[in-house]
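I am attaching a structure below and will ask some questions about it afterwards.
Here the chain labels run A, B, C and D in written order, and each chain numbers its own residues starting at 1.
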Amino acid sequence: MKSKFVQSLALATSALLIGGSAFAQVKIAYIDPLSGPFANVGDAGLKGFKEAAEILVNQKGGIMGQKLEFVGFDNKGSPQETQLQLKAAIDQGFRFVTLGNGSGAAHSLIDAVNKWNARNPDKTVLFFNYAAVDPTLTGEKCSFWHFRFDANTEMKMEAISNFMEKDKNIKKVFIIGQDYAHGHQVAKYTKEMLTKKRPDIKIVGEDLHPIGRVKDFAPYIAKIKASGADTVMTGNWGNDLSLLIKAAKDAGLKARFFTYYAGGLGTPQAMGAAGENMVLQLTEWHMNVPTKSTEQFALDFNKKYPGIWFYYLRVNNMVQMVAKAMNTAKSTDPKAVALALEDLRFPVDTGEVWMRKSDHQAMQPLYISIFSKKDGKAVKHDSEGTGYGWKTLATVSQRDSQLPTSCIMERP
Amino acid sequence: MSLLNGITYGLLLFMLSSGLTLIFSMMGILNFAHASFYMLGAYFAYQISTWVGFWPGLLVAPLIVGAVGAAVERYGLRRAHRFGHVAELLFTFGLAFVVEEVVQLIWGKVAVDYRIPAELDGTLFTLFSTDFPIYKGFMMLISVGMLVALYALLTRTRIGLIIQAALTKPDMVEALGHNVPRIFMLVFGGGTALAGLAGVIGGNAFITEPGMAAAVGSIVFVVVVVGGLGSLGGAFVASLLIGCIQTFSVALSISVTDVFALIGVSLPQGSQVARLTITQLAPVLPYLLMVGILIFRPRGLMGARES
Amino acid sequence: MNSAIFPRGRLLLWGGCLAAAIALPLLFKSGFVVSLLCQMGIMVVFALSYNMLLGQTGLLSFGHAVYYGLGAFVTMHALNIVGKDGGPLTTALLPLVGGLAGMLAGVLLGYVTTKKAGTTFAMISLGIGELVAASALMFPGFFGGEGGVSGNRVVGKENLLGLTWGPQVEMYGLIVAWAFLATVAMFALTQTPLGRMANAVRDNPERAEFVGYDTQRVRFLMVILSGLFAGIAGGLSALNYEIITAETLNAHTSGVVLLMTFVGGIGFFYGPIIGAILITVMQIVIGGLTHAWLLYFGLFFLFMVLMAPGGIASVIAVQRNLWLAGLLGRMLPHYLAVALPVLVLLAGLVGLVELSYALLAGEGVGAGDTATRVMTMEFHLNTPGPWLAALGTTALGLLLTRWIGSRAGVAWNAALATLHGDKA
Amino acid sequence: MTAPAIRISGLRKNFGASEIIRGVDLDIHRGERHAVIGPNGAGKSTLFHLISARLPVSAGAIELKGENVVGLKPFEINRKGLSRSFQITNIFHNLSVFENLRCAVLWSLGYRYSFWQRLAGLKDARQRAEAVMEDIGLAKRRDTPAGILSYAEQRALEIGITIASGADVILLDEPTAGMSRSETDDAVALIRRVTEGKTLVMVEHDMGVVFGLADRISVLVYGQIIATDAPAAIRCNAAVQEAYLGTSPHLGNEHD
């Protein structure tokens, strides 16, 4: 063990020495969990970025002739470690970082990047956020050095509530969520928006449970059932979502679940048949959205990486938009790239993504879909080999999820 | 309904904690890896079910887990035992780490598709318009069956009597010339096999994934401590108690303010404590219970001795 | 009896360590290394404070992160209140606020937890740790919810020392200063009546009662003082990272400090220092090299528990005794002889693990899962070649280790026998 | 007239249904050496545990130098000047001989829970510990961890810890148990020396030791004191003889 340690120390030091910027590459540091409980998500994301960079950028001429490369940095899901890894990346000459998992880590990174840039104006760093959805990141905490390529919680709720507004079958809604910032926000927006749009809908209950600690959701389901709710709104993800759905099915609860993350890696497999015709999700894409090239891209990806299913269209969007911005700016200087990204309108497979200048929040089309049996038509592809896939119920145009921002951005 | 849910959950907890109580009381080991054996049970059963079906797995998986447990005792714990309790405990601590990594390595980091067998999938009966699934009934059956078997084993067989004696007076049994190391190995193997069995039937009712061990890891300690050392009966009562507490506190829609109002204290409006509901607190109530018990009655509910 | 206030050898050692700590960032200019050193410094204080309980008082705690985390949060709030108006000295003294918070937490929680020692204490500390960690997410007002609480440690330029605390190196200086002070203080504590009585209570609480000491009071005071230093460590981490999240308080943090302390060696004052440094480096450096680091980490830990339960410090102590007895020279050739087969064995094992990870966890070079790169060499997983090589190396290593190891073992036992014979 | 060193009246102790101490009344005078003897299971150690508060009293009163001590904690009684040793060696195993003794003197010298004074600077503690170490003949083993001392050395240390605090009432529970003849002789000389001018109560099986050391002897049988008297009188007490060996005409050097 000791020799291993010495060895790695030697390796690490040599890596630090040659770090600099000797490579003719545009390198982006991917700081996400690559070990520990959330490693599967982090690992899938990294593979997605590498694949997207290779196929969508490098095979099409690269960035001013240079290759785009993503390098993984393991933050183990911890905000503190995120900062250390940022330092490591900066040492090795990285000027762009991306992160998606965990609002805690995202807050930590945006903070660290802001401070670094203020203290080292000649070596600025730019942060591309591909999945952390806390609205404050483009709200009160918005930063010139941060761009978000995913719709935030508030926008997603706007889209969902618009959908609910039209569905007259919805009469009673129950809100259940994890007891932390994201769960609180989902609950808050649900109540705000529904009372405004459909005052006749009754919120019949609201429960928050500690994150990742509930093993048996049966009592929660019993409560939902007793409340007579026909619709459940939840921001849960991972096991907290799969267990919720399983318990609902066990108890024979007949309600529809509006979710943010039912399509997330591993969740379709974990909920399996239990989710049929019961679970809805809101995403920027899913396998059964008719598109030109993404479907093939996803099929190739799934084949190449067995066990991982292509999920993030926004990863592809982000890679292309960043490449476009660099090519337009004819520079890989973070500030120039940031300026070129602002207000960029980029045609993607599902329509257009617009990076709003005022808060650096991407606007894009979204889809509401339901978990249904694979039928070869509307559900052409199943999800994670379960025999069930996502069927589009509604398309939300880019405009329909736009909301005003509270961002007051400090610009350099 | 809440009662049924509470009992089912409580029985599952008991399956997990009965093995831990045996190990903890006899060997004095806080087996941090106990939940890891629960996880191994689920994964083994999953693997076996993909080859030959659920039913053989129900029998074989706990046996394999027990064998693994016995081997761990023989080749690891017994050595660590020489260096004292802290070393033993840290050994299980490290073991939990390694088991989780190895499980991830073999079966991947995502949940595996371990399903309830078709013949147990469905509704057993409907009560107050809520379905009670057959599988939950099956879980109850298995755990009650295990309870009966364990009781019979402990009171009707020679080895059972020795184990029982060792639960309350470990030194005495050694003094009587029994092969304590071998008994330890058997108990550890048996205890982990029980955890494995819980994994087999819990894995498909919930989710079989690498984080499942960590999710139940500390709650089983709560059960054992609340129940009291050396007392299987205590573990049983504590399991049901904790199962029911969790279930009922979810069913109650009152806030902390209401509770304080009951005892005549009014909390400042809008404060963060006042905002909390009992439902929110549900999953931490067991810990509250444990701390309370330890402070006011360190022997636990039915404990035969203090630590 | 050495009547000098500080024996010269000890003074030299302390001075040497301080000098090394100051010199390190001059050698490694990179920001990453400085950040790493900062984390080490914080962890050293944290682990030492933990050992005040485990090693010195015999209290096994599963909730030490509570004091560390509360210290960090309170420091962060204090930083935000003081803000930019405070001078550099105010900011530099903030960890003390964290220390006081940790101490206060020690007063409140210690009173409940120290009624009993042993397993009861361990379980209460586990329960309280869980409770505090859970409430951290329930009270976003104080703990900042998932985003945590952030602050800015930088103060205006115009001040007497020219320090702004902005650059990481300045922060490192501050951490070294605090860590040094805290270490000296904690060491001094072991040389006081309370410190000695804590040892006595650890060894034999009953006897301690019968020489006039209230064991509960001794434990209580030690928990409070340990809370103080854990709080200081937390306060340093608040200043260092400028963001503190609820994870700081949870069982994982408590677990890590336990591992560090144990691996370093609980029986020696300097044990936790070694443990903190080693584990921090392992986490970050090995974590950066291989995805299998958690497995290596777990195996290393099991190995330590089984082979060197006294921790690294005890291994060092034995070597030192051998050296003093003039026996180390006799053992050195054996060490070297053993090192070779062990290296072979390790190479084989590492190869196997890395190959398995590449194959099973799909962490190859990215071009599908058919190849992996171990130290710039590319291996093809679907051919038996690399597997056989790794297996062969492991087997060879195993055989050699057993063969040479048994001979070295004989020499080792002989040396130990001589050593103890000398002593008796 | 000053109160006796220890006055026990109507003392009872039961464990569940079985009563171990069944109404003991006993006065220990100041400055005397008092031995408690009796057959195995008579309750001698239990009596010591009750006096020193290791076990809670079921009924009755215990006064230490005129002060009620029932309900106090062991350390409180110790601070009132009562110190005891144990039948099974009870020392600080990982600390050196010197540290063992220093720990034993700290409280009585008033250092309490001090964490602002350096031990090395406490001259009086050092001197007292060294003096005791000299007394018990362990000066050469000063820095040896107590756990690896020989059995006789550990027993000596046990006595050393008991007397180090300077308590004036000393309880010794079988100080010579398990020792060889010559070790026992050394131990007796040691006890005689270090308890000079103090009150000593001891439980002992070795009748040679008892009759050599004690000023008075109490005989405890089935939880009751059947006689308290000078050694010579005890030797010819018929009740004692019957209780002890049934037939034995006189008490000899009995080892058990």
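Descriptive notes on the structure:
Methods note: a contact is a pair of C-beta atoms (placed from the backbone, for glycine too) under 8 Å apart; a residue touches a chain by one contact, two chains touch by 3 or more.
Given the structure is predicted, the values throughout are model-derived calculations rather than measurements.
Distance from the centre of chain C peaks at D, each centre being the average of the chain's Cα atoms.
Chain geometry summary: the mean Cα position of chain A and that of chain D are 74 Å apart. With centres taken as mean Cα positions, chain C sits 31 Å from chain B.
Averaging Cα coordinates per chain places chain A and chain B 35 Å apart.
The centroid of the Cα atoms in chain B and the matching centroid in chain D are 48 Å apart.
Shared contact sites, meaning residues of chain B that touch two or more other chains, fall at 104, 108-109, 280, 283-284.
Among the residues of chain A, those in touch with two or more other chains are 39, 43, 179, 210, 213, 307.
In chain C, the residues touching two or more other chains are 134, 138, 140, 294, 299, 361. Contact topology of the protein chains: irregular, matching none of line, ring, star or complete.
By the definition of touch given earlier, these chain pairs are in contact: A-B, A-C, B-C, C-D. Listing the residues of chain A that touch chain B in their complex gives 37, 39-40, 43, 179, 205, 207-210, 212-216, 218-220, 222-223, 225, 239, 242-243, 246, 250-253, 265-266, 269-270, 272, 307, 386. Within the complex formed with chain C, the chain A residues making contact are 1, 3-5, 8-9, 11-13, 16, 19, 34-36, 39, 43, 47, 50, 73-74, 76, 78-81, 83-84, 87-88, 90-92, 102-104, 107-108, 111-112, 115, 119, 134, 136, 179-182, 184, 210-211, 213, 304-308. Contact residues of chain C toward chain B in the complex are 54, 60, 112, 115-116, 118-120, 122-124, 126-128, 130-131, 134-135, 138-142, 251, 255, 258-259, 262, 266, 292, 294-295, 297-299, 301-302, 305-306, 309, 356-357, 360-361. Chain contact summary for the complex, chain D toward chain C: residues 52, 54, 73-75, 78-79, 83-84, 90-95, 99, 102-104, 106-108, 111-120, 122, 126, 161, 164-165. Here chain B touches chain A in the complex through residues 1-2, 5-6, 8-9, 12, 104, 108-113, 115, 123, 126, 129-133, 135-136, 205-207, 209-211, 214-216, 219, 246-248, 250-251, 253, 277, 279-280, 282-284, going by the rule given at the top.
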